[in-house]
Structure formats: structure tokens, C-alpha cells
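Handing you this structure, nothing more for now.
Order of writing sets the chain letters: A, B and C. Residues in each chain are counted from 1.
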Amino acid sequence: MRLKLIPREEKFFDLFEQQAENVVLGAKLIKELFDDYREVEQAAMKMSRIEHEGDEIAHQIAEKVSLTFITPIDREDIHALASALDDILDFINATVVRLDLYKVSSVRDDAHRMTNIIVLAAEETLELVRELQNYKKHGVIKKRWVEIHRLENEGDTVVRAAIAKLFEQGQDPIEVIKWKEIYEHLETAIDKCEDAANIIEQVVLKNA
Amino acid sequence: MRLKLIPREEKFFDLFEQQAENVVLGAKLIKELFDDYREVEQAAMKMSRIEHEGDEIAHQIAEKVSLTFITPIDREDIHALASALDDILDFINATVVRLDLYKVSSVRDDAHRMTNIIVLAAEETLELVRELQNYKKHGVIKKRWVEIHRLENEGDTVVRAAIAKLFEQGQDPIEVIKWKEIYEHLETAIDKCEDAANIIEQVVLKNA
Amino acid sequence: MRLKLIPREEKFFDLFEQQAENVVLGAKLIKELFDDYREVEQAAMKMSRIEHEGDEIAHQIAEKVSLTFITPIDREDIHALASALDDILDFINATVVRLDLYKVSSVRDDAHRMTNIIVLAAEETLELVRELQNYKKHGVIKKRWVEIHRLENEGDTVVRAAIAKLFEQGQDPIEVIKWKEIYEHLETAIDKCEDAANIIEQVVLKNA
């Protein structure tokens, strides 16, 4: 009987890893789009597929929680982590959708710095998710968790300066509306990486 | 002793049904206002009453959860469903409030399409809530759940086109600010119907 | 063995009290800044320290929940209350940050009325948190809870009138963007006091 439970437990970690890998895919896609700003509509379609894939994995995790009697980590933590990872992609996707909808013709310099940070934060998040099974290696997890906090602070500083600049330059109000929202979405995507890291840190602490 | 529990259980489902019926009332009110755009302030007062009624029912549900030892469905699902239903009304109400506050003098065509979808999604949500007690009829629930997802996708497409048009037409920035928010609120109201449907689907799956 | 549990239980209430005292500090700081609108950057730095202190206490509460086997009130309620208190400060802080970022040169009259309400709501919240340990005194708690609802309604009325005025006066769109966000943040800070009060009321009800 015990044996039947073990593969189930591993399955949760596999699904989380898939979900985090998908987040890295989305983060790289938006960085590449910002680095070489062309074919926005095509990028939006690709991003939409990645986001649907993410929804699919999140749905599988929710289904698995409902059907599993004993979960390897607390049910509420599984939900919270799945939804934080899902949110990262939602905000990356929402940003790309807006570039397309608002017919943004070129990207502002500060935005490049944000997408660089998003890729780094997504990669740290993936590594943290991979470490989730190794409760013992608390030192490794702590180091990555500190790094995500550092990246979140850096993103915060970059986005604040970017928004201040947006208002200072006496811009066209329509540009302000568009870019304020784009910056805030990019910032939220990074915040959600930090949320995921916080959940993982608490889970590890609880099971140490 | 068993008998004392049964009426309590039914009471939860009754309260959810009342809450979902109230959502349909709110959805119809906003559709009627958009179809015949007059007397905004009066509609806002009516809508405010419906929203307060919704708060009252949500509060009753929360109180009942606190006082009931064994709930017919999981406590967390009761909270999540009550709050999703409450949110639908909050966003419909917030939209009507803004029409009044922003002194919107006429409604844009795309908004009509949104309020039509909201009524359909609210009606499907009510039917799903009614089916909640019949765990066996998973087929019926699945069909309605698929329909709400279709409506949410349709709403998404409509609102994206509407917002793109808003920015394309070189509108007055103040108009953009007002209508962007109105569209986004209508979209969120539909999203919350989908959230409610997802929770019901998970509950049924768990208790199947 | 019993004795070891008691200090732990008290520690939760102490941490909540510290968190609520910190909220009052933040509320007073924003009121003082609005009453004597100078040195915004300096106020933003002070506010940032208060907010970090708040994060620190929230983190301690989360850690304590993870490590405590039997908590004095339900785990989910501890998380919900800690996060509502944390959110109050986040929105006060976000408002001060925006005054600085947007280079707001003077504050609008309606905003003064909002910061007065925030201080009152924060003080009621602190008193409610202090009463949390006295399950018996339900009457006292109910009175404070009613007062926070009254303040939230008042805040709602003030902010609606303020936003309506903002759009009526044919303002510069950039001013509308800035002040609409500032008003909405102030309103959300008050809403979060109401959320905290609702959680406390439910906890007391459950444990009565």
C-alpha cells in the first residue's frame, strides 16, 4: 500500500517542476521580444500557448490535490505555490498582450532591465522548485531565496525610476497609461517569483 | 442527532442559491441599464441595494461556517465559492458606480456585448450552484462549466478588441481612463463567474 | 508540558499587537505628511522603514505558525489577519512612494479627510487586536467592529466624491492618473482595516 503512495508524491514535484520550467520559457520569450522588438503579434500567440500550457498544469495539480488523500506537502501550500507560479506567467502574458493591443511601436530602455531581471528570477524559482524535495539542504534553498529577494528589490528600484521618468518627461498621457501598466505588470511578475520563493521557504522550514 | 445536521447542510446550499440568484439580478440590472442608458444614479442606488444584500448573504455563510462543526463541503471551498460569488456582484456594482461618478453620458457599443455575456455567465453560474448538491450528475456540471469557459473566452476577445479600439481612435485620454476601467471591471465580473465554476467543478470532483 | 504551550500562545497575540501598533505609526506618519506637506522624500524613507518592520513581524508570525503544533486560533485565521494588517501598511506605503515618484507638489483637500479616517481606522484596528484575547467581551468587539464599518463607509463616500471632482474639473489627464491612484490606495488601506476587523469578529465568534 505504501508503494502506491510514493509515485503519487513524486508526481506533485514533477508537476511543479514542469510548471516552473514553463515559467522560464515564458520569461525567456518576453526577454527575447524586448531585445529584438519585432513580430509582436506572433510573440503574443506563442506566449498565449505557453500560458495555456501553464493553466493545464495548474489544473492537473488542483485535480491531483482533490484526489490524493495524503499529500507530500500541505494542501494549502500546494495550492499557494501552484497559483504563485501560474500568476508569474499570467503577468508575463498580460504584458505581451498589452504590447500587441496598445500597438506599442518600440520598447523603452528601462523595460529591458526588467525583462533581464524576470529571466534571472524565473531561473532561481525553477531551481528552488527543484530543491523542494531536498528538505535537508536548507542552506542551498536559503541562498536562492535571498537571491530572489535581491532581484525583487532591484526590479522595484528599476520600475520606480522608470515610472518617475515616465511622469517627469511630460509625456503624452496615452503613453503614460500604456507604459505605467506595462511596467507594473513586469514588476508584479517578479513579485510573484518572490511569493513562490517565500512559500517554498516556509514549506522547507515546516518539514525540516 | 443525525437529523439535526441535515437541515444545516441544506441551509448552506440554500444560501449559495440565494447568493447566485442575487448575482443574476445584478447582471440583469447592468444589462438593462446599458440597453436603455438613462437614470444612471437611480440604477446605481438599486445596484447598491443588491450588492448590500449580497454582502449580507456572504456574511451569513461565513457565520454559518464558523458555527457548524461538520460542513457538507470543505470549509475552504465554502469560503472560496462565497467570495467568488460576492466578487461578481462587487465588480458589476463597481462598474455602475463608475458610470455615475465619471458622468459617462453614453455607453460604447462593445460594452453592450459584455453585459450580454455577463447575464449568460451569471445564469450558468446559478445553474451550477443549483447542481452543486447533485454530485452524481457530473455530466451536467461539466457541460455548464465548459459553457462558462466559452463565455469567459468570448468576453476576453470582446474586451481586448474594445480596448484596442479605445487606444486606436486617438481618443481623449480622460475617455481612455474611464472606459479602460469600465471594460476591465466587466471582464473581471465574467472572470469571477469562471472562478465560481472552477470551484464547483473541484468540489464535485472531490465528492464524486 | 502544558506550561510550555502557554508562552507560545501569548507570543502570537504579542506579535499581532506589535504589527497593529506599527500600522498606527504608519497611519500617523501619512496624516502628518498630508497635514504639513514638505520633505516628501524623507517621509518616504521613514515610511519604508515602518513597512520593512511590518514585513519582519509578518515573517515572524508566519514562521511561528509553521513551527507551532497547536495554535491559539486557527492557522488560516492567523495568516489572514497577519496579511490584512500587512496590507494596510503596504497601501499606506505605496501612497507615500507615489507622492514622491510622481513629484506631487501639493495635496488635494479631499486627501486630508482620507488620512484622518485612516488614523481612526488604524486605532480601532489596534484596539480590536488587543481585544482578540478576550473572547468573552464580545460586546466591546462588536462596537469597535461597527465603528470600523462606519469609517470604511465614510472613506468610501469621501473617495467617490473626490474622484468625481477629479473628473469633473476638466483636469490635466496626468493629474487624473496620479490622484485617482492615490485616492484608490488610501481607500484600499481603509478597506484592509475593515478586512482585519472582519477576521477578528469571525475568530471571536468561533471561539465564543
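Simple rule for what comes next: a contact is a pair of C-beta atoms (placed from the backbone, for glycine too) under 8 Å apart; a residue touches a chain by one contact, two chains touch by 3 or more.
Quick caveat: nothing in here was measured; it's all calculated off a predicted structure.
Connectivity without chain A: the remaining chains stay one piece (groups of touching chains, all others kept in their positions). Residues touching across the chain A-chain C interface largely differ between the two copies, under half of the numbers being common to both. Each chain gets a centre from the mean of its Cα atoms; for chain A and chain C, those two points are 28 Å apart.
Across the assembly, chain A contributes residues 76, 173, 177 that each touch 2 or more other chains. Contacts from chain C toward chain B in the complex involve residues 76, 160, 163-164, 167-168, 173, 176-177, 180, 202, 205-206.
Residues 62-63, 66-67, 76, 97, 101-103, 173-174, 177-178 of chain C are the ones touching chain A in the complex.
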